[in-house]
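One structure is given below, encoded as structure tokens.
Chain naming follows the written order as A, B, C, D, E, F, G and H, and within any one chain the residues start at number 1.
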């Protein structure tokens, strides 16, 4: 496409027939196809006509992916284990667009020693995606430790005054660490897309 | 008093005459007197009748304080330098109530090395007061590092989506670290009071 | 653990297999295991491999607990009967960590005579946990009556403008009584943890 | 007037000339005149043409009031001293409309003994006006103690998460005590008006 | 009771056994019993032991009511038909407490001619309960037409920016008409209770 | 211009020199010039170079206006007198764009008889602009009475829970009357512009 | 009707019997009937007695519609495909009231070339309805391109910080383009009604 | 510094003496110094000791800047002229850090033709900074036109429901265009910093 990015399907709320058409059309054109926020039901549906389709219930990604080269390096990190579904949306999106991804999960403030043990990998990446719910402090901690851009993804993980991700979003937008940019709550796709844009620039693409 | 705490004057919005009466009455009864959120004008006013009164323009505290023993240990920490005014309200309140206070300022996520260099002092305290504005991540970081209670004080430092401290308040209330309790935005007094209650328990008072 | 607190399982949203692994691993290491926010389904699941596991549908706690000494005294109070589920999360958490707990339920402003009949017990505690939804006035009332720290837990009990606990949270954060610290809406676990930290200090631990 | 209530002037934001006209016209018609939220400047202005006008800087009331009978009984209570300006707006409004008012100030949760010492007066009133800022718990406490209607007036007294009276408003709207109705933040006039309506009904007017 | 009001059961969220006990106990003591927010299931349950119990699915009221005198007059009005469930909670609560109620439904701004055709009844009432969702303008219109107190009940009827009743609540709290007091969103019970308190005063009780 | 509307100057925050340039340039091009939200200072400034400029301190409009024909009919109504400044911004904007305007001020719910006495004029207009602050009920009342479009302008008039116009905005957006469209708080200009667009269509322009 | 508009049924939450009665009555009176927000279940129900009734599951419209003339021109546009359900509510409402409608769907900022290819049609319309969720930028873009009124309909399409349409609503209310009026979130009916009012004026009705 | 970025002074709220010290120290160390949010007063102050200091009242930047190479290309765009102060903070920050900046101002939806006339420059940049207040639609428009990352900066420009930038922030976070990351309201500094990070990666630094 004009933007240099293959089209990605947002499966949520799509009618069955409509979804099938898109998957078939994109697969025919590109030999691969990638959708986010798919349900088990949509997986069963698509599998009937595209038997090679693969479904990841954690991230909700439904895809047929060609072998491809993955360039550069992006680090995708989460504060807790419940944030992994969003992180996988980010990581697999970036990979689909040809980015090499390192996953560094469950390294929030109650597991900061794990964060420090992976710090080299994080600091070498062209950009870091920091995925966190509840109070979202991971983005700030990360921003203080790396010199490359940090893409912060607030998640809806939490309860009470987390207000479905609003608290984490505000934390990240107000971070006093430098070099942090924020995307919408649970928007793993957006983070993976942006990380790819930055990674490509870094790799001279 | 019944609560074991001397009365403290909240100077903001008090009429001149009213303020003078309270300061004189408390000083006569106790030989000392302590007020928060006082203005320069109020300082000038009180000084005329109580020439020993001391004013700290940073914290807004206006006091005459007797020599007294300071027991136990409370660590009062800030993320940035702009949070010091609130931290001093906390620290001086605790000291007025007989608490020994350690000040550890400007140790937020962009100065985390400074935090680690003071970690011993922080971990030995009976309780920690964490004062931070903007995104307020300091409380979470602190909660992950100490085993004693952390009293988190959000401040109104920041701009834009910090919403005058609301963002920091939400961060702290949603912290995924354990052992964190929150007081009102800019409520240094409340934190110093609570820290004293905990410190006294720890010292067998 | 480094923090002096056994690990607690947050059961909500955990996959079956993952939950079973954690329960088995913790039980093998410690001879006991404690989880919050468990469902009936999770109880059935765990019972198959750990037949001694006990489930409390009111609080959602799923545990095998060793006999242990319970030290000091913490008073856990509720405004209404609907707040008891959160209060039990607090009380049983504190007990699991070795704290002696007194339960004083349904003593809100429409039952204040019941509060006064238990006042001695409340005033003797090392700290008080005040659990209340709707307008959350219990925390203020309590703060005016005791000289020890009050941990206020807003609950999502209520309707309309209670906004799922936000109203109670704001009430508690703004309390004009001294010595009140607030945790997240419905966060009984956090209150029980913090109460234990304070109780241990008071008992010289 | 058709409603049985004399017209009252809302002075805030009125242009000088406009204000003078209203004051003169009402005074000529009724031999008395009553305005709320007046400034010192407006007092000076009106005094030049109506030298008998009286100004109360605490409540902002600017009035010439005829001798009149005051019937029934309404109790106007405040939590703190900073709430008195709003309470006086309520009390003087009710008095202007011919209501007998009892003032019971500074009886919030940190001064509840004072509340109990005046309980007889409060319980005998035809209705109670409860004026409170910060967390606004006074309304709930009052509602639990009296069998007559309680008109709750949240005030903008407070700071931080009091959000200029929003917190007190939510507290009062969500009160679990029965018989509480709420007016706008700082709306002493509305409370005095409503109290008069109820008091008149009680006195058979 | 001390308050002069029979106890009312709030059925929502009550466990079956618990509910049965209360209904039986209150029926034995008083020969009648009244509960709000009951479900069909709770009706079936209670009917087994108290076959005379009557259930109104519109209001969710579950009651056995003795013949009694209904004194005075309260007008209960709604803006639309969807507000009737809340209005019935108010009306039947007031009736249970011995109040004579006039129902005037569906008289909102798009049916104002219907309002004017019933104006006499409304203006003769001791107090008016105005029940409205969406933008809640009925309360203001009513306040401009009657000289007795108006109790405004915002409802959660609406969609989009009605925010589950918040919009109507704000409308009513800010009304520029005099003599309006507000209760919580959907709180028909509270309005019926308060209307009874006022009606009793008017009838010299 | 391409849109058929002369350019209008938004004076607020414009630097002196910049403002002068725009006024001179537009006056030279069009023989007239029209600006909103101008200050006294800006009036003095522009008068020096364009002595014919006229300033209306109520609306903040600063203009030199040619004689022109005013077609059709638009009714601009306000709930109170404090809303007139916004209404005049709307009315004069529409007039500048060649619209015939009828002003019907101070006809809110407490002055509804005045509204009814002007109903004919209102119902004959091509469109109605309803300007109201506080609870903003005027728009709903108007929508129920006219069959032409109603443009609702919430104003920031009010205090407490009016939240600077938010309450009125929500009221208007949620109106259960048909044919109401809403513009931003205090946006008289936008309402006058839109009213002109509709009026022109009605007049076949 | 007095307003010149046939009555429309709001089916949501209507009881079966009640709904049937209205459909039968309106059909008998007018030979046609039109309802919004109907469910499949309601379709089955009405079909039994009015077999000619037609149901559109996308928009939720349930109608029997007479042949009629459609006058003028209104353009109904959407940003994405998920907004079509709301757009169809607007379009079919306008058509039911006799308006000629052009549909221009899926022309948001990521498909702006499609917008430009239909620009002539849009610019010739008497008024434009712009339907968009997420960030709602379509209304601003449209307002910059057309000289006729734009009715902006925010939709609840989106996730995270879209807050069920609040973000789109704020975008549209704050638009810096001129000639934009806003209706409630998802209020296709209101937009179709208003568009008809404007279209009729333009067509001299 | 470790991060590869020179230290920048946040001048707001800094005490005079403190500010002077920082400026002198940084100037001595680096031969240049750069501060944001400085006041006229602070300029006068610093000029006395560092006469070469330059102050830009539009952006509030106070700096002494060395000649340096500016690499790559970043496009800084604004919707209106009132957004230029924030845009200049971004542009000058990026320039101070060695970035080549193109300024493209006043190209919002009412001036979109100006945007299209500069499209080549925008599309060639390594990254785009989009600065907009009010409804903030510029970021979405930009995101639809460029394939490089867009850093969106909401500004507090606007009135009424713009809520000091919140509306623009929500618009930008919810953008349906891909490749948009958001920083805090008015945070030009943060955008310039992040743009530099991305530009450096693109230039192989």
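Everything below uses one rule, namely that contacts are C-beta pairs under 8 Å (C-beta built on N, C-alpha and C of every residue); 3 or more make two chains touch, one makes a residue touch a chain.
The structure displayed is predicted, hence computed values, not measured ones.
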Message: So using the touch definition from the top, which pair is joined by more C-beta contacts, A-H or C-E?
response: A-H
Statement: Greatest Cα-centre separation from chain F belongs to chain C
Field: chain A on chain G, rotation in degrees - Cα superposition, rounded to nearest 5
entry: 90
Centre-to-centre distance between chain D and chain C (centres being mean Cα positions), rounded to whole Å: 41
Task: Take the average of all CA coordinates in chain D, do the same for chain H, and state the distance between these two points in whole angstrom.
output: 50
Message: With centres defined as the mean C-alpha position, give me the chain E-chain H separation in Å.
response: 57
Field: Averaged-CA centre spacing for the pair chain E and chain D, given as whole angstrom
entry: 27
- line: Residues of chain D that touch two or more other chains sit at 160-162, 166, 169, 173-174, 178, 184
Message: Going by the touch definition at the top, which pairs of chains touch each other?
response: A-B, A-C, A-G, A-H, B-C, B-D, B-H, C-D, C-E, D-E, D-F, E-F, E-G, F-G, F-H, G-H
Chain A to chain C touching residues, read off their complex: 82, 159-162
- prompt: Which part of chain E faces chain F closely enough to touch in the complex?
  reply: 79-80, 108-110, 112, 134-137, 140-141, 143-144, 158, 160-163, 166-168, 170-178
- line: Seen from chain D, its contact residues with chain E in the complex are 2-5, 126-127, 147-149, 151, 169, 173-174, 178-184, 190, 193-194, 197-198, 201-202, 204
- request: Give every residue of chain C touching chain A within the complex, in rising order.
  value: 13, 154, 156, 164-166, 169, 184-187
